[in-house]
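The next part holds the structures, each set out as structure tokens.
Shared chain: chain A. Partners: chain B in the first complex, chain C in the second.
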Partner chain A sequence: MTGPLYRADPPTMRLAVEAEGLTLLYHRPSGMTHVLGPPAPELLTALAEGPADAAEIVRRLRQHHDLQDDAGIEAVVAARLDELEAAGLVSRA
Partner chain B sequence: MRHGLSLGVGPVGFRIGSAWPGPIAALRGLYAGYPEAEDGIADFTVRLEPNRPWRRWIRPSIAIGGDHRLPEAAPLALAHGLLAAEMGMNLQMALGLRRYLLLHASAVERDGRALVMTGASGAGKSTLAALLGERGWRLLGDEFVLVDLAGGGLHPFPRAVSLKNAAITLLEAEAPPERFGPVLEETPKGRIRHLRPRAEAIHRMAEPAVPALILFPRYGYDKALRPVGAAEAFVRLTQASTNYVSLGEAGFRALTGLVTANPACAIDYPDTDGAIDLVETLWANLDA
Partner chain C sequence: MNGPDQDRPEEEGPAPTRRHLLMLGAVSASAVVTIRPALANTLGSVLTCEIPVPDRSLSANYIASDGSLVPADTPGAFPPAPMPFKGEDVKAALRYGRTLPGTDYAQSRAYTNYIRRLQRGMSGFTCYASLQMPQR
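Right, the complex of A and B next:
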């Protein structure tokens, strides 16, 4: 692994409700409510397996989702992880 | 305090005390037929008192106090005592209520099912609820909607409707004069007159209703209708709630339950009759 490692609280720390393509999410540790669009919920699910960097998360996503074989995908995931970090839903491990 | 009144509105009991007899007499008239707070125990106390001791007699002005208060609230003239009492009750609800998810919204009920309307000040939610309340619907409330945290039902809070400016004339043509309070001129909110809901709304204030439709009305625009998705309705209703954040997970569960189980629409309307037509059409097609 080369990039920074990210971790997320376990799924039991979140309440999620699907609402027409978006996810309404209540984060128990912070008491904050978030409205997430894809791929943010999928990234949180991927992190449920444990801390990972962007490359590892892409590998985990490929197990469940039909991702394009795009070299830039790691950069996209890294950018979304930074957003989730700013929102307080993931942190650097 | 020298003068006082116990008042039950839906599941909430108030004790309103006043340094002057006038506001209490006005409240007794407006709230004729309402019960006292259950078992005489008030959830909230509202106090109308002089903001300086001499203000009880000299150019009397009312400071709104109670269990919860806003330090920056401007005092009101004694002539606006009824408005002060109403604002005091609103303040206690907005700052203190934890038993229900509180939405700044109006609601009416028909056949056990409720229509919830919310929007910015001037959007017409109060006027529409008052009109529907005179035209066969049961008024659940014009200011606050109380969402049950466990079951998601809506508890009535049928306080007197606060009518402003043009809405006063509109409702004076619909409801008998004995249900109106005095006209309050030149208040900070303009001309205000309160309307006591129909007797049915008061007698059935302990009967909750099941939500069925959420509307976001907007007055003063060409007639238009736009479905609102659950996520947008959720965000708009978090903004319309005074206690969503403090309720934490219970508030999230109640609000997501409300928006995912019920359709929502934004309606623009140029006049109230057009809005009533829109509402009735939407309601008639609810199960279609």
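Right, the complex of A and C next:
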């Protein structure tokens, strides 16, 4: 069973600066600036490979990161994706 | 006074992998804060601003389900909306999944996908950007 597919604008649509563990991100299409904490930048990076549901995004994250071994991990990722969607950085494909 | 470990660059340590533990936090934790641009000062008319679908200059096109513009009469695509949508209706569709006025689910989804793709300079962009402000 697959959940909703999420997509993000390509990385060229963003300008990102890392500062003290946070990422300042300027989103060119909207002209808005966001302050992102982990794992939001990593989620956007994972979505650069193309649209994916939460389960697939967890798989992509595991390729580059160690993740908390937590049964609720997809729920957390989905919550972060919803937050990015509300900010206009992620949309449902 | 330097101990044996104090001035050793971190790079000298064993670095078998660049992987690091990614902290995901709790479901309720927040990872995104949006900085309100000057645009936020103009939000008095947000709910009554309008978004044409598509931009009038592009109204010879149909809107595919992913929101892209395709030639008229493309199977599965939808004709332009006869009237611009109000910001309030677009917000309800984007935030709460309601269908846009006068549309069914598939048509509304195509139109909202078009709206999500709006770029600076296109009709309705400022309205759409305004709708994304927190608390609006």
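Criterion: the second predicted complex is superposed on the first by the 92 of 93 C-alpha atoms of A that agree within 3 Å, B and C clash if a C-alpha of one lies under 4 Å from a C-alpha of the other, contacts with A are read in each partner's own complex, and residues count from 1 in each chain.
Keep this in mind: contacts are C-beta pairs under 8 Å (C-beta built on N, C-alpha and C of every residue); 3 or more make two chains touch, one makes a residue touch a chain.
Treat the numbers as computed from the prediction; the structure is a model and nothing was measured.
Superposition of the two complexes onto chain A shows chain B and chain C fitting side by side, with no clash. Of the two partner chains placed by superposition, only chain C is touched by A:E83; chain B is not. Applying the stated contact rule after C-alpha superposition, one finds that A:S91 touches chain C and leaves chain B untouched. Judged by the touch definition given at the top, the superposed model places A:A40 against chain C, while chain B stays out of reach. Using the contact criterion defined above for the overlaid structures, shared-chain residue A:L15 touches chain B, although it does not reach chain C. Residue contacts after overlaying the shared chain place A:G31 against chain B and chain C alike. Shared-chain residue A:A75: touches chain C; no touch with chain B.
In the superposition on chain A, the chain among chain B and chain C reaching more residues of chain A is C.
Once chain A of one complex is fitted onto chain A of the other, the partner contacts of A:R60 are absent, as it touches neither chain B nor chain C. Figure legend note: chain B and chain C, brought together by superposition on chain A, show a least Cα distance of 5 Å. Chain A residues in contact with chain B (one complex) as well as with chain C (other complex) are 28, 31, 33, 35. Chain A meets chain C in the complex at residues 28-40, 42, 61, 64-68, 70, 72-73, 75-77, 79-80, 83-84, 86-89, 91, 93. Within the complex, the chain C residues that touch chain A are 19-28, 30-35, 37, 39, 66, 95, 113, 116, 118-120, 129, 132, 134.
Residue ranges on chain B touching chain A, taken from their complex, read 229-231, 234-235, 238, 244-245, 248-249, 252-253, 256, 259-260. Interface residues of chain A, counted against chain B in their complex, comprise 15, 17, 19-22, 24, 26, 28, 31, 33, 35.
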